[in-house]
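You will see chain A twice below: alongside chain B first, and alongside chain C after that.
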Partner chain A sequence: MFAQFLFISSALLTLGGAVAVLVTKNIMHSCIYLLASLIGIAGLYATLGADFVAVTQIMVYVGGVVILMLFAVMLTGGKDFVSRAQNLLGLAPSMGNRWTFSVGILVALVFLATNIKLILNVSKSIPAKTFGNEFPSTVNQIGHLLVKEHVLAFELSSVLLLGALVGAAIIARPRKQ
Partner chain B sequence: MMGLASYLIISLILFVIGITVMIARKNIVAILLGIELVLNAAALNFVAYSRFATNNLDGHIFSLFIIVVAAAEAAVGLAIVIRFFQIKETIHVDEATTLRN
Partner chain C sequence: MNQTVVSYLSQYEFYDVLLAAFGKNEGLLAFAIYLLGGVIIVGLCATIGGLGTFAERKISADIQQRLGPNRVGPYGILQFLADGVKMMTKEDVMPFTADKMLFYLAPMLALVGVFATLAVLPFSSGLMMADLNVGIFYLIAISSLVGVSVFLGGYASNSKWSMLGGMRGASQIISYEIPVTISILAVTLLAGGMSFGTIMSHQRGLPTNWFIFHNPFAFIAGFVYFIGALAETNRAPFDLPEAESELVSGYHTEYTGMRFGFFALAEYIEVFVVCGVGAALFLGGSNLPFDISFDIIPLQLLEVVIFMSKALALYYVVIWIRWTFPRLRVDQLMAICWKYLTPIAIFNLIGCAVWVVVFNGKSIAELIFGH
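Our next item is the complex of A and B:
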């Protein structure tokens, strides 16, 4: 019962936040709606019994990536942040125009139509497992998997993070004139 | 109700909205927001399959690595956005036409 309530509210939060990211004019508000959508995805992970992934999602995305996005928005405000001449749809120039929106929605409809059938077939071919309400903790097993079977990917991800850190610091360095 | 199909449909809708954001918006930061939505849809698919179709936790591991790669990608992408703004004084994507300034 509680799991179903959590599932429905998380799904609504996720999809509503994603739609709001698409249609909001102000890019700062888009970042905040992305934050709502990411919290909803963490709730969906919780309903799947993936407690460690849910907490990591909240820590990394809500605490890191969205804050980084907000810093980038504030650092790149610029002159056309407020308003420039508005285009056909009455949208701000950073929103794109009617042409880009129609192309995007066309691609979305084609993708949706080709994948709905696939998803329904997949769910028919995989038998529905029923679980009780018990969710055993996954932290212990994930720790063993990370340092035993997937240790190469674990170390490579640390090298990737170091490279991204140094690369971002070098790229964003102020230019010398 | 809470079967595999409902999670897959949520993930599909999230992916499609992310693709639409990436195509429709003209702001570089908004395009990065669309990329985050797409990556999250993929990670949600991994965890859903790991629960309903297998008995191990490899999907969780893959989802964790997707989160790590997304964080690294966001850091480098936003550094590039800030550098681009220092050169061009705008973050409109139509201004990005040359590799050198």
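Our next item is the complex of A and C:
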């Protein structure tokens, strides 16, 4: 019963937050609704028993991404972007013309098709890969997988992050005149 | 899997009696236990937060050779209740140009972020609400809500002081999260797990088993954690977000009444939480200084007392530091974080990893005295 309650409330939070992000006209508010939606996704992970992923979701998105978004919005103007001319259905603030809308719809359709294909495959293969009682917790499982089977991806992503860090340092560095 | 207060209590006989009273409905009983435990812990910690304001004023008075609050109750100890009543009856003012929704949301987010951390705070080995496998990671993650609330409070007030305070607060909290998290990582490396139960079970017995005395790197990591935690909770000498001589009162300048009270309460409870985490990670947590083979509820209560006394001793140090050191400048603050604490923390992490490999995870005391 508790699992159902958790699932329904997190699903409602996710969907409600996502809809509110689209509908609201204030960009700061939409950041906050996005926060709610991301916390809902963490709740969905928790329903699936993936506690480490759920916590990572909160850590990365709430602690990092949303605060950075708020900073970026504030430093680039914020309230002045309230609404523009071309409103689709008069609902959402729009930031484009017919050309961008048609490209956006095309991308959305491709994305939807890919997702449906993925989800259908998942529902066919019912016996999920289980690890048994070999590990006491999901943390141990993930750690084991990261440094044993997926060590190349792990190292490559760390190199990517290091590159991003060095790049940011170079951009932010004061230039000599 | 995850240990909780329910799974702990279920080993006793009275659990079966309670279960019968709830009509064999385990879910309902678990819900009742969680509800009761949550009410007790939130009430307790809110009282500690309230008493924290009193302690702050009394200790600062001692340091400055004043008397401090001494009118309400014996030694003025009921002063915080009087303050609470005053805050609740004050007029709730909102600036005309404020962003209404965010203005109302910010203080609540601060309290939610702090209260959510109480779920994993290890008051004793059995009576903590939930001993999650990802316990310490969960605590770091959920407490970042406080950073969002500081920033939102500053933005929504639509005043220059608040805005500057909010931006300082957010950047400070993000920056100091890095050395703090890396120091905590060094401890999880030594303990071999992220749950508070695992971490505390490695520090059983005499203080020589505490992680702060485990090896020289862990010793430094303890201090790095403490300095970073001071900065994360916006305490002096890192209280730039609310620096009263520069920014009036920072991100909560425009808040009045109980909304200001929420921010203040959240800050004092958060200080207690980081002190508790410091006690659990580095100072042995709630472990008794001797080994006992049996486990009864009064023993657990004794563990709660031990944990509380360690956490409150750290709380005293936090207040002591506040009234001793002058405030830093913004550039000094960032230089301390990025040029000193972060490299030291990374060095500690590598040092701890090497220590675990070379000495097979043994502490200094074990190496000297045998075991």
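Everything below uses one rule, namely that the second predicted complex is superposed on the first by the 108 of 177 C-alpha atoms of A that agree within 3 Å, B and C clash if a C-alpha of one lies under 4 Å from a C-alpha of the other, contacts with A are read in each partner's own complex, and residues count from 1 in each chain.
Basically, a residue touches a chain if its C-beta (ideal position, glycine included) is under 8 Å from a C-beta of that chain, and two chains touch if they have at least 3 such contacts.
Because the structure is a prediction, the values reported are computed rather than measured.
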{"item": "Partner chain in contact with A:Leu35 - chain B first, chain C second, else both or neither", "value": "second"}
{"item": "Touching partner for A:Thr138 - first (chain B), second (chain C), both, neither", "value": "both"}
{"item": "First, second, both or neither for A:Gly64, with chain B first and chain C second", "value": "both"}
{"item": "Which of chain B and chain C A:Val19 touches, first, second, both or neither", "value": "first"}
{"item": "Which of chain B and chain C A:Met1 touches, first, second, both or neither", "value": "second"}
{"item": "Touched partner set for A:Phe101, first chain B, second chain C, both or neither", "value": "first"}
{"item": "Touched partner set for A:Met74, first chain B, second chain C, both or neither", "value": "second"}
{"item": "Superposed model, chain A: greater residue contact from chain B or chain C", "value": "B"}
{"item": "Touching partner for A:Ile171 - first (chain B), second (chain C), both, neither", "value": "first"}
{"item": "Partner chain in contact with A:Leu112 - chain B first, chain C second, else both or neither", "value": "first"}
{"item": "Residues of chain A at both interfaces, chain B in one complex, chain C in the other", "value": "52, 56, 64, 71, 138"}
{"item": "Contact set on chain A toward chain B in their complex", "value": "3-4, 7, 11, 14-15, 18-19, 21-22, 27, 30-31, 34, 37-38, 41, 44-45, 47-50, 52-53, 56-57, 60-61, 64-65, 68-69, 71-73, 75-76, 78-80, 93-97, 100-101, 103-105, 107-108, 111-112, 115-116, 119-120, 122-123, 126, 128-129, 138, 141-142, 145-146, 150, 153, 157, 160-161, 163-165, 167-169, 171-172, 174-175"}
{"item": "Residues of chain A defined as touching chain C within the complex", "value": "1-2, 26, 28-29, 32, 35, 51-52, 55-56, 58-59, 62-64, 66-67, 70-71, 74, 136-139"}
{"item": "Chain A contact footprint on chain B (complex, rising order)", "value": "1-10, 12-27, 29-30, 32-34, 36-37, 40, 43-44, 47-48, 50-53, 57-58, 60-61, 63-65, 67-76, 78-83, 85-87, 89-92"}
{"item": "Of all residues in chain C, those that touch chain A in their complex", "value": "1-2, 27, 31, 99, 101-102, 105, 132-134, 137-138, 140-142, 144-145, 147-148, 151-152, 155, 167, 170, 174, 177, 193-195"}
